[in-house]
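As written, the chain order gives the labels A, B and C, with residue 1 at the start of each chain.
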Amino acid sequence: MTELTQSLRESFTQRTNGPLRLLREAAFARFAKLGLPTTQDEDWKYTSLAALAQMRFELAAEATVHDVDRWTLSDAAVRLTFVNGRYRPELSSRAPGGAFIGSLSAALVERPELVERELARHADSHGDALTALNTAFIEDGAFVHLPAGAALQAPIHLLYVSTAPGKPTLSQPRNLIVAGANSQATVVETYAGLDNEVYFTNAVTEVVLGDNARVDHYKLQAESARAFHVALTQIHQGRDSRFSSHSVALGAALARNEVRALFASEGSECTLNGLYMATGKQHLDNRTLIDHKSPRCTSRELYKGVLDGHSRGVFSGRVLVRQDAQKTDASQTNKNLLLSDDAIVDTKPQLEIFADDVKCAHGAAVGQLDENALFYLRSRGIGQEAARSLLTYAFASEMVNLVPLGPLRARVRDLVTSKLPAFERLKEAA
Amino acid sequence: MTRSELLLRVKDLHATVGGKEILRGIDLEVGPGEVHAIMGPNGSGKSTFAQVLAGRETFEVTKGEVLYQGQDLLALSPEERAVAGIFMAFQYPVEIPGVGNLYFLRTALNALRKRRGEEELDAMDFLALAKQKMKLVAMDESFTGRSVNEGFSGGEKKRNEIFQMAVLDPRLAILDETDSGLDIDALRTVASGVNSLRSKDRAMIVITHYQRLLEYIVPDRVHVMGNGRIVRSGGRELALELEQKGYAQVEGRREAAR
Amino acid sequence: MSTSAKTLQELTNRQYKHGFVTDIEADTVPRGLNEDVIRLISAKKNEPEFMLDWRLKAYRHWLTMKEPRWQNVRYPPIDYQDIVYYSAPKPKGQGPKSLEEVDPELLKAFEKLGIPLEEQKRLSGVAVDAVFDSVSVATTFKEKLAKAGVIFSSFSEAVQKHPDLVKKYLGSVVPYSDNFFATLNSAVFSDGSFVYIPKGVRCPMELSTYFRINAENTGQFERTLIVAEEGSYVSYLEGCTAPMRDKNQLHAAVVELVALDNAQIKYSTVQNWYPGDAQGKGGIYNFVTKRGAARGRASKISWTQVETGSAITWKYPSVILQGDDAVGEFHSVALTNNYQQADTGTKMIHIGKNTRSTILSKGISAGHGQNTYRGLVKIQKGATGSRNYTQCDSLLLGNRCGAHTMPYIEVKNTSSQVEHEASTSKIGEDQLFYCTQRGISEEDAVSMIVNGFCREVFKELPMEFAVEAQKLLSVSLEGSIG
């Protein structure tokens, strides 16, 4: 048994009470059986958790925090702040009426019937060890419930900050977003490290869209450079619903972000966009699954990676078109920019198609900055480093510009440019 | 003209697609050698009518009959209709990647010849025939090496349709908006190709949205379609009237008269 | 059901043309596998010591291995003790010295397959090595080739006559420990073809091997080795068929190619093993390891395959691009109809500088067929300035089949470009209508469109094979939609 599993077992036995006891016990048993995945598992071929397995983490302790304000979004309708996975009302703002937007722990007490209908019914705790682990420790997170027809224009901001002075900490937020029929909302998840510390975030978000609902989901991953981050966003789409996901992965020493969408009924649309930018020895793994289980659904996917230093980027995207999913229209693209001789990229786009009346395409590319363009910029007097940064930004900006104008786009742009060496000057250019 | 002399007789033709009625009772008679123009606004059912005559299975005929050379046309498959001499120039000619243009046409011609009990043409004889017909629409030789319609410009595709018509030598040619998307030079080339194929045995149904084409291909009869029916018929002058007054007014007169 | 579906359904159950059995006395070893069987095979072939040692090493390693299960194909467990590992037509007397002495039954069998072995009947541009069950029965045009310095013989003969060459190159591309089926092959392989093209020689004719499985319950384990010395060129073709039987038969071959400086090897396959019947009963399990080492500077290895047969096809003809400026190509048409399964593709391993590879894969699925493209493009750190372009297109005919595209791209080098594009579609209703409106029957239209879809690959095949491949595709497609 690894150090990690041992330490988890100890903490699990300390806290098995509560309303979700059976669910949690079953999930822990699954986790114990599956163990941490290794590179022998096809799903983890390019990402090793060996370093994680050797560590002991403390579960979310009460902690004091500082500078949380720099991560807030000025136009958010409501902000829920979590420190090491626990809801902190004093750092949060009040929700507008008409919807339940609050902590999962509170919802379990106040509206258990709303929570239990969907919680842990979509994310796979059976085959996926880390999801099982999260489920085993369900305690807190965000719960958003939009009744039928509710439309929130301003974003709901879920902010997860981690701090681990002294010992490495583990936080496992569990989020549930339920959008009733014809409802509409924008949800932003931000994961940030306050100091350059070692900690492990293992997050699971389940998003359930009713008929004709629309949810736009943004995720900014800006964990500390020494952190581990593993997250699953599981989406369940009702008829004629529209979901979009924009994932921006910039932080963490090792991060794995997985998005899985299921078309449970026909006529829906799903857009999955992602940007990953790694420097130093970062390892950023991105994984997507779009399950076309129903006819006449459309999916669009675009992931872009920028890999510098000794970093490694992984993209593994799977589009599954089941036998009944006629008239599926799916396209998937992954593009990577390698900036350094020591950077590595592994990409694995997959189409699995069992229906015949479909239009599916995918493409993947790995390349470098265009020498001609570099030369052009330098011949105009722009220094080599600035020219490289500018062209790199140009590659990444397509993803930035997919975020609607406003404080969120500004935040994404700032995070992206801060990863580039000559970013101070670029701020003006961007 | 007596019934037996008619090449095509359409009677109360109704057709639907996905349960929606597009043709709502078309009547039309075409004799050998005649050129009929069918005009009408978008959505009036012109193209549907053409495709139903050619046998497209997307459309379901729910009522009415079509006699071609005295025979029940609706009972035939598309390829049987082709064998019987019906040719449709497509509004949007289809690309078939990897299949050579001439190979395709030779396969088609030989399929027709074989079913008619004629001898198939070998590659050399066919090439001679093709080269002669290519001149009709001023096609250059580079055309022959390319895949069917793949990478063709709009004008090239339309010329290719008329070239195919010249080679396949049909008795009834249906030109479905052959003029749309053509500039004036291309239109002249296509029209002169069509005109050279007019003969006393061959009838044509020319479907168009614009009067312009009829300056080059002069029809014997003009029909105006609206809402799935032929709402007016007349001579060449009807096209000019349409040009001046627009579809709404011309159709409106029919509605008022009803 | 649309007319097109109906027309195609009416065409079901066209007979597999090559399904006959030749009645010939065979020399077989007892069923099952152990060291004695391997010693027996080696002894029958009168092999030198090093060969037996190598086989035994492979066998002992094989005992420690597990059958792979990651591929996207399903089949019941294979009982390796229920297979006959060696079967050869019994020689009359000392075995044939020339074509005149080959058993006329065998000549007839090959003639029936469209492969007349008498040289005067052959197309003068192609030399043939004919392999019947476990052994090579005849090789044509040997003298003509010998004049050019080209060695083209059965593997067994090469072991006798050119042991040094065999010793030097055998297992140098696919080591005996490579993978479960290649290791099994290393232990028990019975024959195959051997080609050696000396320095600077352009092989004067196409070389080809025709593989025929005849005996029941046997596995076929042949091994082909082609070595192209500096500045040489060879084009090699292989074809394969088997009788129709209810029981699945295993075919686990290994092909090794070695290309030295500026050498070029063009390897084409038209694979038409018995695919099983329309209900998925019987057919060949085609589990093959094919790999080329483009060792020399500016060497080139090109694989072209047309895979229409076999119940299960599982193979990835690969190129290891070791020499600087080396070129690797893979062109593939894979068709699965009825209950056929294929998991096929390639690996391009870029090691040398400025190496280039191109992958063009066309998959066609019909009936209940499952067709997977799986390909690895790996750019190693030292492979500066390397390029790969991959295009995978899938065509679906019918709604019970599947098409899957699983590329793996691993890049460790910043000056390289890798591009992958894939599409999946069905034959358009508008394409079919366009053809039928011109008088072409639906059946011909489908075959015409499918052949057009594959044309880029067919044009890589030598002329006679291209024609054969087109015909094969039309036959294999019959009854494809229900």
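Worth a mention:
Note that a residue touches a chain if its C-beta (ideal position, glycine included) is under 8 Å from a C-beta of that chain, and two chains touch if they have at least 3 such contacts.
Note that the structure is a prediction, hence the values are computed from the model and not measured.
The minimum number of touch steps linking subunit A to subunit B comes to 2. Centrality by Cα centroid goes to chain C. The highest number of C-beta contact pairs joins the chains A-C.
With centres set at the average Cα position, the gap from subunit A to subunit B is 56 Å. Measuring from the averaged C-alpha position of subunit B to that of subunit C gives a distance of 49 Å. Note: centroid distance subunit A to subunit C, computed from Cα atoms, is 44 Å. The touching residues of subunit C, counted against subunit B in their complex, run 2-3, 428-431, 433-442, 444, 448-449, 451-456.
Listing the residues of subunit A that touch subunit C in their complex gives 42, 323, 326, 336, 338-341, 343-368. If you check the complex, the residues on subunit C that touch subunit A are 70, 379, 381, 394, 396-426. In the complex of the two chains, the subunit B residues touching subunit C come out as 54-58, 77-79, 81-83, 87-88, 90, 92-99, 104-105, 107-109, 111-112, 115, 147-148, 164, 168.
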